[in-house]
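Two complexes follow with subunit A in common, the first pairing it with subunit B and the second with subunit C.
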Partner chain A sequence: MKNRNGILVQAKHLTKHYEVKRWMSLITGKNIIRAVDGLNFSILRGETLGLVGESGCGKSTTGRLLLGLEAPTSGEIIFDGENILHCGRNALRQLKRKMQVIFQDPFSSLNPRMKIGSTIEWVFKNFDLYSREERRRRAAQLLEMVGLDSKSMNRYPHEFSGGQRQRIGIARALALQPKFIVADEPVSSLDVSIQAQILNLLKDLQNELGLTYLFITHDLRIVKHVSDRIAVMYLGKIVELAKSDSLYESPKHPYTQKLIEAVPFPDPGIELNRKGVLITGELPSPLNPPSGCRFRTRCEQLDPICSREEPLLKETGENHFVACHHV
Partner chain B sequence: MYRSLKYFFSNPLATIGVIIIALFVLMSIAPQLFTRYDPYGINTAERLRPPSFKNLLGTDEMGRDVYSRIVYGSRLTISFSVSVVLIALAIGTVVGGISGYYGKFVDSVIMRSTDIFLAFPMFVLAMAIVAALGRSLVNSMLALSLVWWAQYARLMRGQVLVAKQELYIQAARATGTKGHVILFRHILPNCFSPLLIKTTLDISMAILLLSGLSFIGLGAEPPTPEWGAIITTGRKYLIGYWWYPTFPGLTIFMVSIAFNFVGDTLSDLLDPRRTS
Partner chain C sequence: MERVLEVKGLKTYFFREGAVVKAVDGIDFHVDAGKILGIVGESGCGKSTVARSIIRLIPSPPGRIASGEILFEGEDLLKKSDDEMKRIRGNKISMVFQDPVSFLNPVYTAGDQIREAIVIHQKLSFKSAWGKAVDLLRDVGIPSPDHQARSYPHQLSGGMCQRVMIAMAISCNPTLLIADEPTTALDVTIQAQILELLKGIRKRRSTSIILITHDLGIVARFCDKVAVMYAGKILEMADVWSLYKNPQHPYTQGLLKSLPNPAIKQERLESIPGQPPDLTNLSEDQCVYLPRCHKAIPECQRGQPQFVEIEPGQFVRCFRLVK
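This part shows the complex of A and B:
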């Protein structure tokens, strides 16, 4: 039953809890880290959804859940019309041909003892695709597609720079011709100039191959350029979801507003004179999130209702969702 | 590769170790190159002669040339100790790998089994097994392998547990790699160095244990020229005919320490913290 509308990936009440196992928990009660708590969103075909938030807010976990690398505690994930949680192990493996991932660390995401050509060829081998010569040819083709010389197929990862290794990671992600790619902070560990190259490469590939991206990052400067829509996460919940331009022009959630204000402006003349309304306080422990609205401990617009009731994601304006009592 | 070799051979002890090992391996393959005497050749007229130009290391109580017996004995000692360690390595790696990778119930069961084997001192357990199976060289080999695999299983499992967390393993899983492929193609090659080091050092230990078993009468039977067996019979001749047990003993020491040097330098070489 293929989905006829444009939604490729949909998450419904997606929840992932990790249990902190301690012998004390027999006495003090279980300690649960609510990494992802009741997420609801969809990603349309061909679009790039940016997922931003602080470290530890659950964005990487969300990516892993969507890919099926981890099983959610509850909730559903619907990919291309099929609920992936109802899939058996074999079906799940086959699903991997449609969705792939680009990892954050280009240094440890490649097997240091495998030639990069082999790394890509193995992806084909996993699904018994093509003959040996054909695999080699396609691997070479993929490397060329990401801007690397196909002759470098016989080299080892440590012979490449960070940016090149990330390109290899992208080539590997493209090997199975997926429709959906989760890019988990793909440029965070690269130099700024290389970041631009990789982002442009991702954009070109998207146009050429009709890919759908989930772009996970904590860097607000780049997510605007790559995303069509952006979801802002805080402590396992989405607090705002809107089109990129709308988000930057009129951020509605206090957290989003503070985040955008915190982004440095490249001109020191202007930057130094800006009134900085910096965000205060620290991220609460995910073991014990604040009751009601999770952001209330760092918010200035505090009301009694904020500690009582948890705000739900509501639509305010065209395709702009916010989870706040004051909107 | 070239740089590794350079580092290795810049260490005098390792170099000596390699030379000694090479010498003895050659001895075990082609003993005829080293001596023309028959190690079993009894010649009672020449019994218990001290070292001379005719018998480089003297003769034993049957008139056999001690040097030749050592040369022919190298074949036994080296092949059996290497086999013991390789068998232990093979079993231990597979078992430890499965245990570490698949975890949970399988892991618990396997770990409890290794607990049982590791609870006994190696030599004592080997003695018990050989005594039960009957005295022979093959049985000693079997006994030692049975005793040794548990150590490799533990080591491998530890390595696997660490390697499992590496990002490229997650990437392998994300690209659809099957479990056993991940284990043997991705994890195992990266766990290789500690296993290799342990293997070299264990060969050194195996030589001692094998000779030890023969010494107490549970390994090779006379007249087999296994070094430990020679010392068993030679013991009573220590006073007065010192050359008889001394030279086999020195040989055991020499080969054992040669493997030790090599293993030690290998461990320095493969240590990722080494900067040069």
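This part shows the complex of A and C:
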């Protein structure tokens, strides 16, 4: 079962700005995309933190930053007590064994010219682990763990369906017995009946192996199901962070409220009673985010302070953080 | 109630390298005037082929509508000549596609593309057609339509492009609008806006709509009636309330249980074992859903069940429910 003792991953003032090509900045007049802008959060051992938001809000970038796949512009990342930005190359390599990733697209994330047995064995080879026979044995074991036949070792990715490939991706992520897994939209490209199979598998593995997940998704129905806590992102900022039940029962930030209102539930009874208050307008460009509160251009409860001052993430209830001037 | 569209025993097959893909295999349904029918199913179940069959946009070869009738306002569309079809398509029946950005022509402005549809089907001059295009853009909620009509598709966001497509689709006041996954490529906040827009169009112009989607949530929000497709067949069809409150077919039950419902606390989702079948080698002499069904009875191996009405308005294709 889940044992909760302390923080596994912590992000402090995590920021990632991308510079835009010169010719682009000539057109737009701006040259920095603020993909991730000052995130503070922590992930507890054995929990699932859901990260939701619309496309372009910086949720995938956050995942890549935590894994050390990209260097942040500023800020700190503490993984298992060590600052991954200040440890040496070798130490970082060893740290990376403890964190893995599951990608969205099960088609492009596997090498089409490699048998899936070798794909998984490569993970061991990369760290010079085990003898050849032992690698094979472990690869077979991993495939069985994710519900595939170990005979499928000798087959190529194109022989598998999307759901099966996603299982292979999960087996590969588990190979080095990681503590922390970033799942970046792991079920978005799968059909509903297969989605449920993969979500159940991820939950079983978490209970069995005591994994910690950062679950990145745009689907608010799924994130509620899998997460213990949920962080809602908007234009590179976390606007609300809370336990998943309390986020759904009493969303505080106007964006979260509207977002939950926008999601269609598979239940005509609930749908009939919708108030039908829709979020208006579209996501502003991260090249030129609104001053002050970034949500103000789509918000109804507008005050002068909203355009002047940026709201900070404040604790409003037990473990419920909101960044809004009105709360 | 008046039936705008009635499809009877439609079979659309694709012939490829000696194999036959039965993408649509004997389906019956009808759409009432001013109502919204949802067709749901997983990828590859044939739901888009149904839409393309109705407006006769099946590429041939390899595809062919093998048999059936598609009665639109009482006339069989399958008996129409190509010229007659051209006058119906985009005029009385129009379609909205999934990927608006690639559907629009990148070298023409949004206004030009809407105007083209108007000029073809209505006897209007270019100038007054432009005015109408701008009005339509205003109708579908595009801010400053005068200006945006002169924009090219790449200057518009995905949601805006979808609005342009919808403006084009409703430009000739169609009786039937077919929307094939109109919001799949869009963010959830924009999706809600587009669905609201389509609902408004139904209300103002009493257009009938067929909405094709894989999302049971969208169906619950938007549709009056729903047909659940699987492997080229409709397994269950009913009004939205009965289908969600009292699903009869094991597949419908499985789909609803495998979807996380935020309103209920679920520890585990009940998934459907296995995966959708390959349409090329489907066995004719057993129920298509048998390999994944947990409620199978011996009869299921002995042929295809019939599509029967078990309650008024609720049709199911399952041996267990037929007395």
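Everything that follows uses one rule, which is that the second predicted complex is superposed on the first by the 309 of 327 C-alpha atoms of A that agree within 3 Å, B and C clash if a C-alpha of one lies under 4 Å from a C-alpha of the other, contacts with A are read in each partner's own complex, and residues count from 1 in each chain.
Just so we're on the same page, a contact is a pair of C-beta atoms (placed from the backbone, for glycine too) under 8 Å apart; a residue touches a chain by one contact, two chains touch by 3 or more.
Computed from a predicted structure; not experimentally measured.
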Room on subunit A for both subunit B and subunit C (clash or fit): fit
First, second, both or neither for A:Ser55, with subunit B first and subunit C second: second
Contacts of A:Leu214 with subunit B and subunit C, given as first, second, both or neither: neither
Spatial angle subunit C-subunit A-subunit B, Cα centroids [nearest 10 degrees]: 80
Touching partner for A:Arg113 - first (subunit B), second (subunit C), both, neither: first
Partner chain in contact with A:Arg97 - subunit B first, subunit C second, else both or neither: first
First, second, both or neither for A:Val239, with subunit B first and subunit C second: neither
Subunit B versus subunit C as contact partner of A:His225, first or second or both or neither: second
Partner with the higher number of touched subunit A residues, subunit C or subunit B: C
Touching partner for A:Pro264 - first (subunit B), second (subunit C), both, neither: second
First, second, both or neither for A:Tyr248, with subunit B first and subunit C second: second
Partner chain(s) touched by A:Ala196 [first = subunit B, second = subunit C, both, neither]: second
Three-chain overlay, closest Cα atoms of subunit B and subunit C, distance in Å: 9
Contact footprint of subunit A on subunit B as seen in their complex: 166-168, 170-178, 181, 185-186, 189-190
Touching residues on subunit A, where the partner in the complex is subunit C: 54-55, 161, 163, 191-197, 199-200, 203, 218-222, 224-225, 248, 258-271, 274, 276, 278-280, 282-283
Interface residues, subunit C side, partner subunit A - complex: 42-43, 157, 159-160, 187-193, 195-196, 214-222, 240-241, 244-245, 254-263, 266, 268-273, 275-276
Residues of subunit A touching subunit B in the complex: 67, 69, 93, 96-97, 100-101, 103, 105, 108-114, 122-123, 126-127, 169, 172, 175-176
